[in-house]
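Two complexes, one shared chain (subunit A), two partners (subunit B, subunit C).
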Partner chain A sequence: MTTALLDFLTALALAPLLPGVIARVKALFAGRQGPPLLQAYFDLCKLLRKSGVYSTATTWIFRAGPIVACASVVAALALTPAAGRTALISFPADFVLLAYLLACGRFFTVLAALDTGSSFEGMGASREVHYAALGEPALLLGLLALARQTGTMSLPSLLGRASPLAPEAALVGAALFIVLLCENARIPFDDPNTHLELTMIHEAMVLDHGGVDLALIHYGSWLKLWLWSALLAGVLMPVALKTIVTPVPLVGVTGVLAVALGIGVVESCIARLRLLRVPHLLATALALAAVAFILGVR
Partner chain B sequence: MTSAAIAVRNGQSIAVEDLPKLAIKPFQAEVVSALSGGARVAAFFGAPEADLTGRSSAKLRLIMALAQDRERSLMLLSTSVGDAYPSLTPAFPQLHRFEREILEQWGVTPEGHPWAKPVRFQTPYRAPAGHAVEPATIGVVDFFRVGGGETHEVAVGPVHAGIIEPGHFRFQCHGEHVYHLEISLGYQHRGVERGLIGAPHARSLHYAETLAGDTTIGHATAYAQAIESLAAVKAPEQAKALRAVALELERLANHVGDLGALAGDVGFLPTLSYCGRIRGDALNLTALLCGSRFGRGLVVPGGVRFPCDESRGAEIRRRLARITDDARNAVDLIWTTPSVTERFQGVGILPRDLCLAMGTVGMAARAAGLPRDVRHDFPAGDSALREIPIATADDGDVLARALVRRREIEASIKFVDNRLANLPADPHRRPLSSLRSRRLVVALAEGWRGEICHVALTDDQGRVARYKVVDPSFHNWSGLALALRDQQISDFPLCNKSFNLSYCGQDL
Partner chain C sequence: MTQTLIALAALLVSASAALGLRSRARAASRLGAAGSPAALAICVVALIRVLSSGHAVALRVSWAEPFGELTLGIDALSSFFLLIILSLSVVTALYGVGYLERSSQSSVSWFFFNLLVASMIVVVIARHVLVFLLAWETMALTSFFLVAHHHGQRSVRRASWIYLIASHLGSFFLLPMFFLLAPAGGSLAFSDLGHALAPWAASSCFVLAVIGFGCKAGLMPLHVWLPEAHPAAPSHVSALMSGVMIKMGVYGLLRVAMLLGEPPLWWGWLLLALGAISALLGVLFALAQHDLKRLLAYHSVENVGIIVLGIGVGFTGLSSGAPHVAVLGFTGALLHVLNHAVFKGLLFLGAGSVLRATHTAEIDELGGLMRRMPVTGSTFLVGCLSICGLPPFNGFVSEFLIYWAMIAGVLSLTAATAVPLGATVAVLASVGGLALACFAKAFGIVFLGLPRRTTPQSVVENGPSMTAPMVLLAAACLALGLSGPLLAPAVATVVADLHAPIDAASIHATTRVLSRVTLIAAAFMALVAAMALVRHRLLCRRESRAAPTWDCGYVAPSATMQYTASSFAQPIVDLYGSLLRTRKRLDAPEIHFPEAAHLETETPDLSREGIYEPLFEAIGVALRRMLVLQHGQLHIYVLAVVLTLIALLLWQVGWNS
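What follows is the complex of A and B.
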């Protein structure tokens, strides 16, 4: 329990490090120095000192959006175990709740975006929902396949026992990595650095937020990136590594950082997909997860 | 076929009396036959009859410059109109902006124009007969709308998220699909054409250089050619060569920057990062020539302001050699990375027939297989410019426009290197005499975007009475709007960047 709490707090504290790591990897590839590793923390401090600006066209939903979105990710994080360890809260089939907590956060972000009545935000919301509808089944199917393979139903044991050498886990790992890139608005799905509203997915939905609201949105999205990285690290990390139990949550953090490095490398090497092609790649993830599931059922 | 129009060379001035003046019917018949025969409109504008004849008159003279690329002939003709004339836009859509501009500036109505809305929302040059001038509010205009419950409208700009110029884009969409794009400009209107009346004066060269900030050399060269021709002064060979070198350096810097930005728009970082730096290196070469990275102050009527000695030429060539390899490596990445070419291919197609119909010029036309290039078709200035091969591509999509840029980068580098190795040794500048009175000149230059057309007309005192500028963007904005039809709205920034048109060049 204490180790789980420690893992949980570590995630809350270190999540803003991930965008820094990714930016550094990208800068390295481009031959630039890049922003400081702690840039995201500085941005948070800056935003927390600012007040929001609210359009008269918006209602309470617009203000509630960022709070609910951030809170649901924090709740989902409590269900997420660091590699090989226990989660703060766990029970059979807890991954279903995890998926729907993430969906709840997205639901409110989308509502807040639609609340502004802006065409950009409406477009972003429509794209987000479209892609989530394809990513969500891939996540659930993938985790079900692991549950089948390991014969357990809760996330900690399921991730703790998954071996990357098993074909199911490798397939699920590939599927989860694709969905991770989409869910966290990374290249090739979305360009987190773009200023072009017409091409945005996630960013387009939060264009009208500012100040503390924007800080909550950013923080929530970094926590979400941590959560997904932890899930992926849990699937792909060798069992031997996962079973090293130390009081320091070092192994889990290393896994998460490794995933961030991987994201940075992907973003440095390939271009964004045409928006029309996004569903194809997500369908590929779904297919990978389905094959993993079938392997488990046979 | 005998033609009533007068054929001129690029940069050749004629006496105003020699400009053929036809009645409206034969004028339009002449225009129709030329345009049907493959000519395009390089300029079409109004000037008060009084400016040309010296006698007071309420009539407006409409002057047209027709370019026939294949025959390499440039023709001038004019007509005189009162309050209205029959529009030719329904038959020749490439005239639509010109006719709208004449309406906006002079209050002369093109009767039968499908939708004669303002192009710049500028204050008219003269009040329309009979009623007071109502200054148009910028951006407030009836946009074309697509009806139906499931279509929606997306408005972008005039304030954009990036640090770019202002312009308003109105999309008619169904989900991600764009049915129609309308572009409303004018936010950058400064009144340059009016400012150039009375040229040459202390500010006129500066105005010409800043017509479009990234095309300083192109516009300044066209301006200098016009003024030199009116003054009957020939620029020395060294000056012509240095102008050509600077023009190609400008092309090089802009094309490299654009290819980087195109890669950036699809989130491909390597090319973006390298090209950003290489563009800076290329700009620095221009700075070596004249002290300004954008070529400000290099071109002056009569020559260039600074000579280029052997050691400076050698230094530029040495640095250019370094840029060459870097640029090649960075640019080639676009073609060796399938995820990037996939994004460029088949996006924003502006086919050849639409280019012909809309009078598209420059790189955008060449990317659709139309070999339109002023350096080739209407040579003026340095004769070596003619040796540069015309870079064309076939598909008219974003990839084709990128390919034309890539080929032009290679050609420009080769040209600059050769030209600097063999610079003529004559003086770099000749004193400018006063302008001859009552003359008309058309000066064309191939800027990196395409054909730049300047037309100047002098009065009795040898001062410019009317100066007309047609930036390539004026032709090509219509092409961009058409290229977006049936595209994905998320591809708009990419298409836009592949044309990279100038807002202030069109708004003047």
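What follows is the complex of A and C.
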């Protein structure tokens, strides 16, 4: 319990490190120096000191959106175990609750975007729900495959026993990595640094948010990146590493940072997909999860 | 039992009072709406007692031959459905008072409303085939008259005819089912049905029940009446029909399944397949609609699909020796019956509120209603969250139990059973994602942003008679969502009725897991509240500015440039285009300078266009040949009658000799 609490607090504290790591990796590939590792913390401090500009079209939904989005990820994080350890709370089929909590946050982000009445934000919202509807079955089916393979139903135990040497876990890892890139608005699905609203997804939805609200949105999305990286690290980390007992959450953090490195490498090496191609890649993730499931059932 | 009969009498009194006071609309409406609350008040305690103890009560009254005695009864399953029927009818009746205020025919409507509630009660307590079928037919007829309330409109007349025909086609399959069930020459009481049934007869009964009751429940592809009847009916009637009446199909299926004994494995698979098809296609067709009530009607198809998935998992668990899977599946399905009644009732009432204030249910013409109608908007949002199954609202609890049942099945059953169950997990997850897209569209386009057409200033929130029921249902959504640990034991007696071996240990395990779900949900809500407080404290001393929405550098964007329901759903609709067959009519500008353009999309029902219209066309062509006999010449008719009589006489004589 105390280790789980420690993991939880570590995630809350270190999540803003991830965008810095990814940016550094990308800078390294591009031969630039890149922003400081702690840039996200500086951004958060700056945003928290600002007030906001609110569109005259908006209602309380617009103000509630960032709060619910951030709170839902924090609640979902309580269900997420660091590699090989327990989570704050776990029970059979807890990954369903995790998926639906994330969906709740997404729903409010989408509504806040529609609340502004901007066509660009509507566009982002439409794409977001479209891709999420394809990503969600891949996530649940992938975790179900691991559940069948390991014979357990709750996240800590199924991630703790999943071995990347088994083909199921490798396939699920690949599927989850694709969905991770999509859910967290990374290349090849979405470019967090793009400058053209027409091509954005996540950034388009939050165009009108500023100040404290934007800080909440950013922090929520980094936490979400941490959460997904922890899940993926749990699937892909060798069992020998997962069983190392350390008082500080060293193994889990290393796993998450390794995933962030991987994201940085992928972002440096491939270009964005055309929007029309995105569903195909997500369907590939679903197919990988389905193959893993069939292998696991066999 | 006595209390329920008194409640029935109260409903009938209220119905006749409403009809009798035709000339005084206000009094008729008050008295007509008073029936359901009175009925609920009379029998609620007795029903809860039956539900908690699981002891069935019965009533036998001798009746004239040839039908034996009249038998009624209330067991846990009946009382569970009775409580839902009565509670939702109270709320919709209260709403109806405001909704029908300006209608000239409200007294007739109240007459049929009370009769509908009464007939649903009799359906649930009937323990005799004849009583059941009579009540079933009364239910179909009274709801037909309720749907036809605005019969001045051509579209409403057409919709109500489709409904009437679909209902009777469903009943058409129930008759042979009961014939098969009834022992030769025996009584028609339910307790005597289904004894020593051959396996083929039991399976035929099951298939007939799935078709007959599935038609009422709205299972794909038997759902054609739903998207027609719901937009046509007054909204409180839609709420009652969608929330409760279609569940009578679920009730019938469960009741007959109880009579049929041990299910073979393929029954569960049939239900899983039908449930998956209904859920997935229901939500996809909903996404493609731009009439708010039609969209909600398709979501009823989706949710009935989810309920049937739960029942299917239950049957699969029963027949493959995994009782814990069966218990979870049935519990999830039953709770989803309750939850769907609450949130779909709420959503239809919200749609009615929008319709009454703006006189349109066309999503693309609305927008920005949250400012004008804050209560309708906020409660509709709660309904959306619940139907998408998002924690902490009630839809999540039942969907979670169904997921859990499926996952437990995948883990404990053989590969041949685990693969279909795994597929249903993927289907349910897709349905969840698509439902979220659909309600982001429905809520976001109707209530948020700016008005798309210049709505008149007269759009204002409706009176308390219409808003109070919505607030009540929204509160129920949250309360049910947080009381999962109490609900699962509450339906344990019903699950036991369904032959699922439920014991204290399994109830305890379910409760423990659900209490953790509730804990997380409550923590989530507390976190939202805390963050809102912190945000408020941070911002209260700073000055925030109001400005127009950021236009991304484009000049003078107008309200018509906002995303519409059609554009919001277009990527998904296109992706599933081969299933949906959306028709587009586009008049695009052909020159380089902007000019008027026009786009129209329509997604007609696949099974109506693909199955029923060709089928009825073919039947019509075949029967047209019979027109030879119908020529209007009386003497030839008489000749035909005489010839038939002579033929019958000869036959009879030949038979006897």
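In this section, the second predicted complex is superposed on the first by the 298 of 298 C-alpha atoms of A that agree within 3 Å, B and C clash if a C-alpha of one lies under 4 Å from a C-alpha of the other, contacts with A are read in each partner's own complex, and residues count from 1 in each chain.
Note that contacts are C-beta pairs under 8 Å (C-beta built on N, C-alpha and C of every residue); 3 or more make two chains touch, one makes a residue touch a chain.
Everything numeric here is computed off the predicted structure, so don't read it as measured data.
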| item | value |
| --- | --- |
| Contacts of A:Glu136 with subunit B and subunit C, given as first, second, both or neither | second |
| First, second, both or neither for A:Ala71, with subunit B first and subunit C second | second |
| Subunit B versus subunit C as contact partner of A:Cys104, first or second or both or neither | second |
| Partner chain in contact with A:Glu197 - subunit B first, subunit C second, else both or neither | both |
| Subunit B versus subunit C as contact partner of A:Leu14, first or second or both or neither | neither |
| Touching partner for A:Ser119 - first (subunit B), second (subunit C), both, neither | both |
| First (subunit B), second (subunit C), both or neither touched by A:Ser51 | second |
| Subunit B versus subunit C as contact partner of A:Val265, first or second or both or neither | neither |
| Residue contacts with subunit A in the superposition, subunit B compared against subunit C | C |
| Intersection of subunit A interface sets (partners subunit B, subunit C) | 119-120, 122-123, 126, 197 |
| Subunit C residues within the subunit A interface of the complex | 367-368, 370-371, 377, 381, 385, 388-391, 396, 399-400, 403-404, 407-408, 410-411, 415, 418-419, 422, 425-427, 429-430, 432-434, 436-437, 439-441, 443-445, 448-450, 512-513, 516-517, 519-520, 523-524, 527-528, 531-532, 535, 538-539, 542-552, 557, 559, 561-563, 567-572, 575 |
| Residue numbers on subunit B that touch subunit A, as the complex places them | 152-156, 161-162, 175-176, 263, 265-270, 272-274, 337, 339-340, 342-343, 347, 488-493 |
| Residues on subunit A engaged by subunit B in the complex (per definition of touch) | 26, 29-32, 119-120, 122-123, 126, 187-188, 191, 193-199, 267-276 |
| Subunit A residues within the subunit C interface of the complex | 48, 50-59, 61, 63-64, 67-68, 70-72, 74-75, 78-79, 89, 91-94, 96-97, 99-101, 103-104, 106-107, 110-111, 114-120, 122-123, 125-127, 129-130, 132-137, 139-141, 144-145, 147-148, 151-153, 197, 207-208, 211-213, 216, 279, 286, 290, 293-294, 297-298 |
